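Chain lettering (A, B and C) follows the sequence in which the chains are written, and residue indices restart at 1 in each chain.
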Amino acid sequence: MSSRETILQRLRNRTGGELTVPECDFSVLVRDDWSTKERIERFEKMIESVHGEVHHCTEDMWMERLAEVLNTRGARNLLIPKQHEIGQSLRTAGRNDLPELLIYDEPIESWQSHLFNEVDASITSTRGGIAETGSLILWPNEDEPRLMSLVPPVHIAVLRASELYTTFHEAMKAQNWAAGMPTNALLISGPSKTADIEQTLAYGVHGPKELIVLIIE
Amino acid sequence: MSETAEHTGHHIDVKEFHPRAQAAIHDPKIRKNFRSAMDGLMSKRKTAFEGWDLETLRDLGANVRLRALANLPDLLEQLEKKLIENGIRVHWAVDGDEACRIVRDICKARDAKTVIKGKSMVSEEMELNHYLEEQGIEALESDLGEYIVQLADETPSHIIMPAIHKNTGEISQLLHEKTGTDLSNDVEYLTASARLQLREKFMNADVGVSGVNFAVAETGTLCLVENEGNGRMTTTVPKCHIAVTGIEKVVPSMEDVSALLALLTRSATGQHITTYFNMISGPRKAEELDGPEEVHLVLVDNGRSSIYQDDELLDTLRCIRCGACMNHCPVYTRVGGHAYGTTYPGPIGKILMPHLIGLDEGRHLPSASSLCGACGEVCPVKIPIPDLLVRLRQESVDGDKLHPAKVRGHGAKRSSMEAMIWKGWAWMHASPGIYRFGTGAASKFRALQPSKAGAWTDYRTPPKLAAKTLHQRMKERGQ
Amino acid sequence: MVDPIKVYPAKPAKVYFYGTCLVDMFYPDAGIAGVELLEREGIEVLFPQNQTCCGQPAYTSGYHDEARSVARAQLDLFPGDWPIVVPSGSCGGMMRKHYPDLFKDTTDEVKAAEVAGRVWELTDFLLNVCHIKLEDLGEPTTVAMHTSCSARREMGVAEVGPKLLGQLKNVNLVEQIRPEECCGFGGTFAVRHPEISSAMVSEKVDALVDTGTRQFVTTDCGCLMNIAGYAEKNQKPVEGQHILSFLWSRTQGKGGSSHE
């Protein structure tokens, strides 16, 4: 008998007999419907409490703010999506206050070392955010691959205020995650951190040292 | 040589709990490190649940876990089916050795020489690192705490904070000796050095091995909770990702996950959520530019299906590995994680390990508790840990004819001397006349009370017999 | 799975008093104080002379057959429908919470559950059933309180002691750090793991001493003999007594019937 069958058979022929299935009432996870303003405030408070940085932007001026953010950090380049409108607008803006724009359009194998060692910052879109915990929802894809939000020391995420959910429970329901998930999905709540050395917080242990959120209101 | 025999691992003798505990108690550094860390974690947890109806949330957590366990075989099959549809390969292992061999075979098939690991307690259970090293495959931990512990050739002393027993000075010294970093008490510098060292390793590793916090049957999704990003690196950068998990980790849907996640991180470290919640539902698709080509899940039984047989013991399998029980345990706080000599220390270790290693080898574990109940009070899925400790105490002495013991190695702690003492005690206390005579006589001759009473009086004065018992005084009052 | 919500009974005419073996042999004054407080509230106290021990020491040591035989001898002591009051959270917890489990699948199952449902920790009973009002006759003093783990977690009475002490106008209740942490008694734990137990009790004693008070009260005689015994042996300046002794000594001579 295979190990699979051995295990499943032991579970199915349980000596204690059939187990009762309890009811699960998820209403404790449901929050009152916060206003957009409340959601933004909560999101900002939560993500700042874990060392994230929030910039309030409009459709008109987010690129200007982005340029400031990058320039104050002396970023030499910025990794952008190729197809997404964020990438499109940046490429066609013709701004001279932005650093070199890089596109992740080759398999990682061909430029891993460059990505790990030479890229200073990245910008990605989000599939919304979660106010209660100060989290960003990312579904990486071929346009915005998984490592874009992980490897560069600065990760900038664009979040539309209208796409802020109150809770994870709400977001997951509203976006119907049950219907199917992408190969990789993420909740990101702050920059990479550790407290493994005597409970002292340190940022950027493996992933970005900084997480910057541009909220488009 | 049989394959099992190749796997020697490096066992710590669980039976040596007493001397290790004693040594820890007399080590001021251990006492201070754990006391301050646990105090911090307890207060953070308290704050994190402010504004929540915590009891209702814990009820939900318990019910979500119980529901999943009630449907466990069906859910495992559903999970397997969905994962295969998603392109993830599924393996089943009855024990740690088989799980190790599965990992090895995957590595060998890819001609892999180096494995980078994300934090996984199941892999500690399997003693995977030592096994792989014996097979000529380098296995390197990437979680900073695990990395430190591995460099020191130690085991984790806490399931969430593996290196909690070390202070900054010791870690600096260790990194200096093993990796050549400068001596420094600057945690940021030490962390940055580890980042550089490990980034090299991530880029060059052939295989990434991780654990799983929740496996979702409905969507075929493996969920990982972490702060550092090493888990994401491990599951994204190498061309092959192997996830190992206990069979109890499966839940029906993402909705279940939303409840457990709300409890897990707040209970563990007082965080509302961790930095990364990583949900993996498949290998890299043709059009994708990164991610592993292969993803495997190894479902490990290793004693769990035995626990599953019994209605009471089953509750052990609800655990979501938050570590809150150890953070709040007055015994763990005093002796630290290494004293237990087990993969899982603290209260959860005391109720889980006897099933993994047998109650004969683990017979000292259930008694090392004052049954204060702090663990059960904070458990996010309401595991009645103190009741399970009592159950295992009963099992270790075969103490209940009505409910015969079942755990492997039961009865190992029974001594005929102790059994006789309890028999005599029961005879006296089940016979009121004899009890009154005995206690009355003790009071009458209390001047003869010995001033020493074994271990009690090593640290305390003995309690003093009263001149008259309450029985006598109530009788005098006509009651 | 969810603990049943406590439903306090109306104040009864009589109660059964279950003294516990530690009170019986070592701290009968605490028992008498409990009886006096109940009687002053106008309650007749019934003391079954055939009571011995609730069975807990054997139960927590894993000797459930022995625990059951001792516990069975207690089940017949309370034939009337009166509440059973216990001056201990630990023995109360054994009877209230564990008797139903211990007698499950036996012929005594129904009786055990019935008895368990009538068990009350005595201070809880005084506060929430008798609605006791204490008048403090003592000199101003300071005291700390240690609520036993079983009183706190099994009987759910963590708030009770401080509320009762709060009624005493000349008593200043101070709180030690980590009030909810175990003192390290744990019954046979104290002798099976003496080093761990003593590490726990030494910190508890330090916490009490650090409050600046010289005295503490507690709900349970196990904690009392552990904490006070450690303090005495190690010459730490803090003494303890059962909370019932303290409450009675602060208020005695006042009100209702008093027995000579």
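The rule is simple: a contact is a pair of C-beta atoms (placed from the backbone, for glycine too) under 8 Å apart; a residue touches a chain by one contact, two chains touch by 3 or more.
Given the structure is predicted, the values throughout are model-derived calculations rather than measurements.
The most centrally placed chain, judged by C-alpha centroids, is B. When every chain is reduced to the mean of its CA atoms, the largest separation from subunit A belongs to C. In terms of their C-alpha centroids, the spacing between subunit A and subunit C amounts to 53 Å.
Spacing of subunit A relative to subunit B, judged by their CA centroids, is 30 angstrom.
Here the CA centre of subunit B is 33 Å from the CA centre of subunit C. Interface of subunit B with subunit C (complex): residues 18, 21-22, 25, 31, 39, 55, 59, 62, 330-331, 334-335, 366-374, 376-377, 382, 387, 390, 392-397, 399-403, 413, 419, 422-423, 425-426, 428-432, 435-436, 439, 442-443, 454-466, 468-471, 473-475, 477, 479. Touching subunit B in their complex are the following residues of subunit C: 1-2, 17, 19, 21-29, 31-32, 35, 45-47, 49-53, 55, 57-70, 72-73, 101, 105-106, 149-150, 152-154, 178, 180-182, 184-202, 225-226, 229-230, 232-234, 259.
Remark: subunit B residues 33, 36-37, 40, 52-53, 56-57, 60, 63-64, 66-67, 69-73, 76-77, 86, 92-94, 98, 142-145, 148, 161-164, 166-168, 171, 187-188, 190-192, 194-195, 198-199, 202-203, 218-221, 227-230, 232-233, 236-237, 247, 253-256, 258-259, 261-262, 269, 271-285, 287-291, 299, 301, 305-306, 308-311, 314 touch subunit A in the complex. Touching subunit B in their complex are the following residues of subunit A: 2-4, 6-8, 10-12, 14-16, 19-26, 28-29, 46, 50, 104-108, 112-113, 116, 132-135, 141-142, 145-147, 150, 167-169, 172-173, 177-178, 180-200, 202, 204-208.
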